[in-house]
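A, B, C, D, E and F are the chain letters, set down in written order, and residue numbers restart from 1 in every chain.
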Amino acid sequence: MSLQKYIDKAEVLIEALPYITKFNGKIIVIKYGGSAMLDEELKRKVIEDIVLLKMVGFKPIIVHGGGKEISKWVKKSGMEPNFIEGLRVTDEATIELVEMVLGKVNNELVRLVHSLGVKALGVSGMDGDLLQVDKKIIEAGDIGFVGDVKQVNPQVIYDLLDDDYLPIVYPVGIGDDGKPYNINADEAAGAIAKAIGAEKLAFLTDTEGVYMDINDPDSRISQLGVEEAQKLIEEGVIAGGMIPKIMNCVEAVEGGVNRVHILDGRLPHCVLLEIFTNKGIGTMILKDSEVEK
Amino acid sequence: MSLQKYIDKAEVLIEALPYITKFNGKIIVIKYGGSAMLDEELKRKVIEDIVLLKMVGFKPIIVHGGGKEISKWVKKSGMEPNFIEGLRVTDEATIELVEMVLGKVNNELVRLVHSLGVKALGVSGMDGDLLQVDKKIIEAGDIGFVGDVKQVNPQVIYDLLDDDYLPIVYPVGIGDDGKPYNINADEAAGAIAKAIGAEKLAFLTDTEGVYMDINDPDSRISQLGVEEAQKLIEEGVIAGGMIPKIMNCVEAVEGGVNRVHILDGRLPHCVLLEIFTNKGIGTMILKDSEVEK
Amino acid sequence: MSLQKYIDKAEVLIEALPYITKFNGKIIVIKYGGSAMLDEELKRKVIEDIVLLKMVGFKPIIVHGGGKEISKWVKKSGMEPNFIEGLRVTDEATIELVEMVLGKVNNELVRLVHSLGVKALGVSGMDGDLLQVDKKIIEAGDIGFVGDVKQVNPQVIYDLLDDDYLPIVYPVGIGDDGKPYNINADEAAGAIAKAIGAEKLAFLTDTEGVYMDINDPDSRISQLGVEEAQKLIEEGVIAGGMIPKIMNCVEAVEGGVNRVHILDGRLPHCVLLEIFTNKGIGTMILKDSEVEK
Amino acid sequence: MSLQKYIDKAEVLIEALPYITKFNGKIIVIKYGGSAMLDEELKRKVIEDIVLLKMVGFKPIIVHGGGKEISKWVKKSGMEPNFIEGLRVTDEATIELVEMVLGKVNNELVRLVHSLGVKALGVSGMDGDLLQVDKKIIEAGDIGFVGDVKQVNPQVIYDLLDDDYLPIVYPVGIGDDGKPYNINADEAAGAIAKAIGAEKLAFLTDTEGVYMDINDPDSRISQLGVEEAQKLIEEGVIAGGMIPKIMNCVEAVEGGVNRVHILDGRLPHCVLLEIFTNKGIGTMILKDSEVEK
Amino acid sequence: MSLQKYIDKAEVLIEALPYITKFNGKIIVIKYGGSAMLDEELKRKVIEDIVLLKMVGFKPIIVHGGGKEISKWVKKSGMEPNFIEGLRVTDEATIELVEMVLGKVNNELVRLVHSLGVKALGVSGMDGDLLQVDKKIIEAGDIGFVGDVKQVNPQVIYDLLDDDYLPIVYPVGIGDDGKPYNINADEAAGAIAKAIGAEKLAFLTDTEGVYMDINDPDSRISQLGVEEAQKLIEEGVIAGGMIPKIMNCVEAVEGGVNRVHILDGRLPHCVLLEIFTNKGIGTMILKDSEVEK
Amino acid sequence: MSLQKYIDKAEVLIEALPYITKFNGKIIVIKYGGSAMLDEELKRKVIEDIVLLKMVGFKPIIVHGGGKEISKWVKKSGMEPNFIEGLRVTDEATIELVEMVLGKVNNELVRLVHSLGVKALGVSGMDGDLLQVDKKIIEAGDIGFVGDVKQVNPQVIYDLLDDDYLPIVYPVGIGDDGKPYNINADEAAGAIAKAIGAEKLAFLTDTEGVYMDINDPDSRISQLGVEEAQKLIEEGVIAGGMIPKIMNCVEAVEGGVNRVHILDGRLPHCVLLEIFTNKGIGTMILKDSEVEK
């Protein structure tokens, strides 16, 4: 490679300076899931991005689910995955499998982060009493060991950040009965981001963001105020599976998180692209007063 | 209950004072396994003991295996448990199951400790790079992802103790290839006790200790010096599965652990009995010069 | 002793767990006096109790008087004890004797605590300017060097607790004239408990508690709200020497101390009985809203 | 007062600068006793000196006895002071009085220091287990509760210095039997100075120092090396009560204290004169190699 | 010198005790300038005073200008000093010279302080972004690189005080254009004193203070309330160059500085005279409610 | 810019990961001078590089000279630059100018670093007594206020690094006479690097490195062991002005600095190129045993 090529690369590093300066010491929660979790190539790139954030002074926290892997193991164990209103019916055998599978996925991420030179520590929502849950009650039937976050005890996360670990969280919490409950990973990520006072919360999804017209690729909304978001839901512009995602984002912003991002996890290095360039990708949810016109 | 009964109970608490004073702030590693792990009643009593140690100023660390539970899941998954020289042949599918099952067992212990009012945090040997392993090579064949401890990085344990957590460790470490390797729990407990400078190391076993004559219940050896231990192995007095256990104890003593105990995990509250009474139970391995005649 | 006896003892320790958990790190001020101070057997038991509290994570502080010992020395020195309205007339020779005798009693407690393996440090109300007093003025005559607490400077107590000492306080404070003044030990204990933000304050007395009918041993009041207490004083149910004691308790509760206990110091291990069992002994003064019906 | 007078005073303060700079943060142990303790005027001046040292950055520690006051109280109590080889025969009644009287003297000093604006804390050799003693055995008879320092536990002094207190120590220590023992104050001061790594140790005495010829006031020895000192003892130049004093000094120097001073406590502000001027007063004991020729 | 002379000197040190006690740990900002800066003898005395303050527990900060020295160098460089309304017209060449000359003066002070045994660190208003400025706009013309303090970032001063340095500041700050701007030293001293929460601010001037009648040396005002000061300005009693000085003082008092002093820098040891004696020199500006009648 | 371009840039950042990991928390001293100081474009790039190092976890320290700027001001002041054996004859007027000019250059760097979002603090070798010097004596004549480093007091640098400042040092130290002395910047950088335990020391020069044959651009030596370096000097391969530079490097390596680099300051981003790529530029001096064959 010619010397000029190297100099050009140095210039790229220098371009990152103002972004590094801006977010130095800030906490960022990354909900990791979807395609970025299934494709080995994408997985590595996401984790590289997060490790870089750690090295340059951010305090990233990974929260991950593992829905597809769980379904695979449920089948493998001879059980039939069963959903009511999109929620997995989670009997005792299933929750056992859920924590096992999520633990395994967690371990893989811990190993990957370590191989890149950064200290990681995997925690469930039960470690240090991180996530206390209420059993989720829906009218359509008993869905078993599924919970909603009742309270977050962020001390364990603060302890790990202070000791310079990258915390990697999987969303199984403790119920009042002392038993494990599965929590939706998006909900867990949002609750942790709020409780810990994160500057940013990023959801890695399999979509490019929110569109005014789902059929028009040019209609992506770059910035979305929380009131505007609620209006779009009422008007039906935001619909289907996107509704709970957006509601999660809205709650996080209302809970004090400055910027919430819906990123396309299928895009290599989407995390760095969002943070280290002025190329707005995905959709950013924020306070209405801060939306740029 | 009469007032006198209460006063008697208070006396019992007071009797514990000198023992509490003696071990205040000391680290104790407890290898938890065997019957004490399978029987719910015994399990609760062991964990209560350890939680009490934590509350009165000790710094306990639990290291646990899960052999029987692993075998159960191996069969459940349609695989056939396969051993060479007593070592589980651990192919890629098996190691995956191993970390899943140990993670599940670990979570149960974390929940149990929390229910008793103490903060716990479960860690694998991969978290914070705690246990680095070499692949175990035996002549009789390739046993796959089984490792020997190459190096212990105790920082993560120190960090957790400093932040007042009870660390609960399961022995899956990282190999040079970045992959998970199963480690014998006794070996892991011994290696951690040495690396961290533990005062005590206790193995919960399904035996009452070491006997001069296995058929004579009155011949239990209360205290065993390390040279004496090696002599007894050579002479065949200590034999079979007890040999690696005792060798582990010997190594720990030589590595600086003051007292190593082989306790009978089938005895309710065996940990408290050992520590809070002058009733010597099980067999204690120590430096020859410190054996009481 | 049989193995079962040992196991039973271990069970007793385990029963204490929830109480230890509940009060971990909390400050408890114990006013030590009366019979529990005169009887060597009782004295040892009280100090054992307090040392145990220290070892299991409480932060106890002892405040003690020494009225009978002072009277003994006054006589021994050829002076005549002289009281006005129950208050010792304390001339210059007497206050000199007071601080000498209280200092001696204090030293005995310091030695006793050390013999049980805990670090103690004796302080007067003059050390670190702990207790600043106003001269006590009563109409019936000049009672000399007797003071009321004007201000507590709790820094010295915080410093000693931070350095892990058990502070043992005797109530001689400094007046505006830079001279020593004797303070009622109950008053000093209450003032310190308030100033330091104690969770609990316990008075060791020579009574079983407060009774609705002093002649009916079954009429002891277990829990007493502060308004109820004041009403009982007005109604004459609480009378005599119990009035200032109860007023002290009321002030402490109003000053932020959660629970104030009047315990029977003649009962062996009364402190442990109160704290480590659900056997309510003595009378507990608390906010009216928290009285259990 | 004229402005010039004020300016002259400022010049005096400035002259102290190099001495303040030199000893900043250094520990100095002052054995306080003799006339400087009996005369109220001298007492105040000594304490002012020490308080000033504290304020300008030194870390002074006071160790005091109280021999004459003790004798006074012994007589007052109807007992007869009794000495064997110059050592007070200290039965149980006497040691009780000793700790009472020393405690009273200690309190006076604490109050005096506080009145000058500095935080003091009085400690006996029993607080924090500061002075552990062996019973002193002499051939001429049993002298009771008199001890020699066996071990100093300096932690309590470090704790108090770290928390910015001026520690004031009286030399009653704990014996192996858990009972109080009187210690010679010179010996206690020397032992503490050694154990704590003091820079300086100063004995306030009723003599102007050591003389080559006791009858020639011009023959005072300003600087005395430890070997020279031992030679002078052998030669009989140093004799009588001066021998144990000098031996104490020699031991302190050999134990690592840089400079040991015998000062004339009858001289107003003798401590400041020694430290803040180049006027060598008294006799300084130091390593032979550091004696100025 | 006779022994008595030494004792008298010790007495002088002792007289300072209550003043040392009173201001221990307090921050004092000293604006150093005028004759006290030009006369080598006076310079040394001022710096000795400040070094003494540091040694006895104050936290002094020096802020200095260097007007006359700058004018000298401007001429030396062949430029013509140019003033509009008393403000130096500061073009690019001049500001370059300003920072060079002030830096040189600063270095001299740093060396002088070090020679007296105290650690100093010289900082400009640009170090650690200490002084951010707005360009000063006056109607009479463009005066170039002259600024008013927009914001003080006191972190750098706190850091240096915590690390036990004596900070010596010269008033060149950074403008929004990233360029250096000269600031009036009185203004800089006042702004720093306010931002840092100083207890005292002292201006060394070439006047004995404020007079009711400038021709009557007996009419010096010892204490001046801020409202009274403003009234005297309106009435013309305070006039000319004294007006901005007094306004600076008023602002400092209103900004929370307890006592602001106008001292006569021509008086040797004026700083010590003010602080260590009850001889009120100069004029003290304070809250009206605190003026002594 | 296309999305792919952004992704490519992210890849460049990721490539830097292993280098960031490797040097995290390490101290690097950069001697800044030559063309990189004169050309505004190059200056900005060098400072950007160093600021980036700071942001990603390095602890850089800048040491700079200013020879050409000094000569310019000497002439401007009507003096004639005068050199003996390449050393500037530095009389009182000249040293005054030297510290002024270096201070000005220092301020510019401080402002530049701040504009990039990092806290800087400029220090001379006199601040905190950083550089103590001996007057340099050469046979050819008196060269005035020129010094050699006698002792480095690194505390001030440690303090600034701990408080997260980027220290920028100019090499004027204090002599035994309390006067300022000019020090060669290369020498100062080497002395500081050794004293502070730097991992790396980099000299920015106007050469591409050391050549075996100065006329053959392909003969650059990438790695040079210290013994080999001395041999090359003896053999005359290294000659002229390169000799003192290399001797400085040799001393630094022998003093414990791991890697010393001679970099071409004329190459944009030469610092980043050296640290963040495997493109070896310039010449690296290291222990002979660590030279790669």
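Throughout what follows, a residue touches a chain if its C-beta (ideal position, glycine included) is under 8 Å from a C-beta of that chain, and two chains touch if they have at least 3 such contacts.
For clarity, every value in this text was computed on a predicted model and none was experimentally measured.
For the pair chain B and chain D, chains touching both partners: C.
Look at where the CA atoms of chain D average out and do the same for chain E: the two points lie 45 Å apart.
Computed centre separation for the pair chain D/chain F is 55 angstrom, with centres defined by C-alpha atoms.
Chain F has its Cα centroid 37 Å from the Cα centroid of chain E. In chain C, there is no position where the chain touches two or more neighbouring chains simultaneously. Interchain contacts close the chains into one ring where each touches exactly two others, per the touch definition above. Think of the chains as beads on a loop: from chain D toward chain E, the beads read D, E, F, A, B, C.
Every residue of chain D that touches chain E in the complex is listed here, in rising order: 1, 3, 6-7, 9-18, 20-22, 24, 45, 48-49, 51-52, 55-57, 116-118, 267-269, 272-273, 276-277, 279.
Residues 76-77, 96, 99-101, 103-104, 107, 110-112, 114-115, 119-124, 126-129, 156, 159, 163, 165, 172, 174, 178-180 of chain B touch chain A in their complex.
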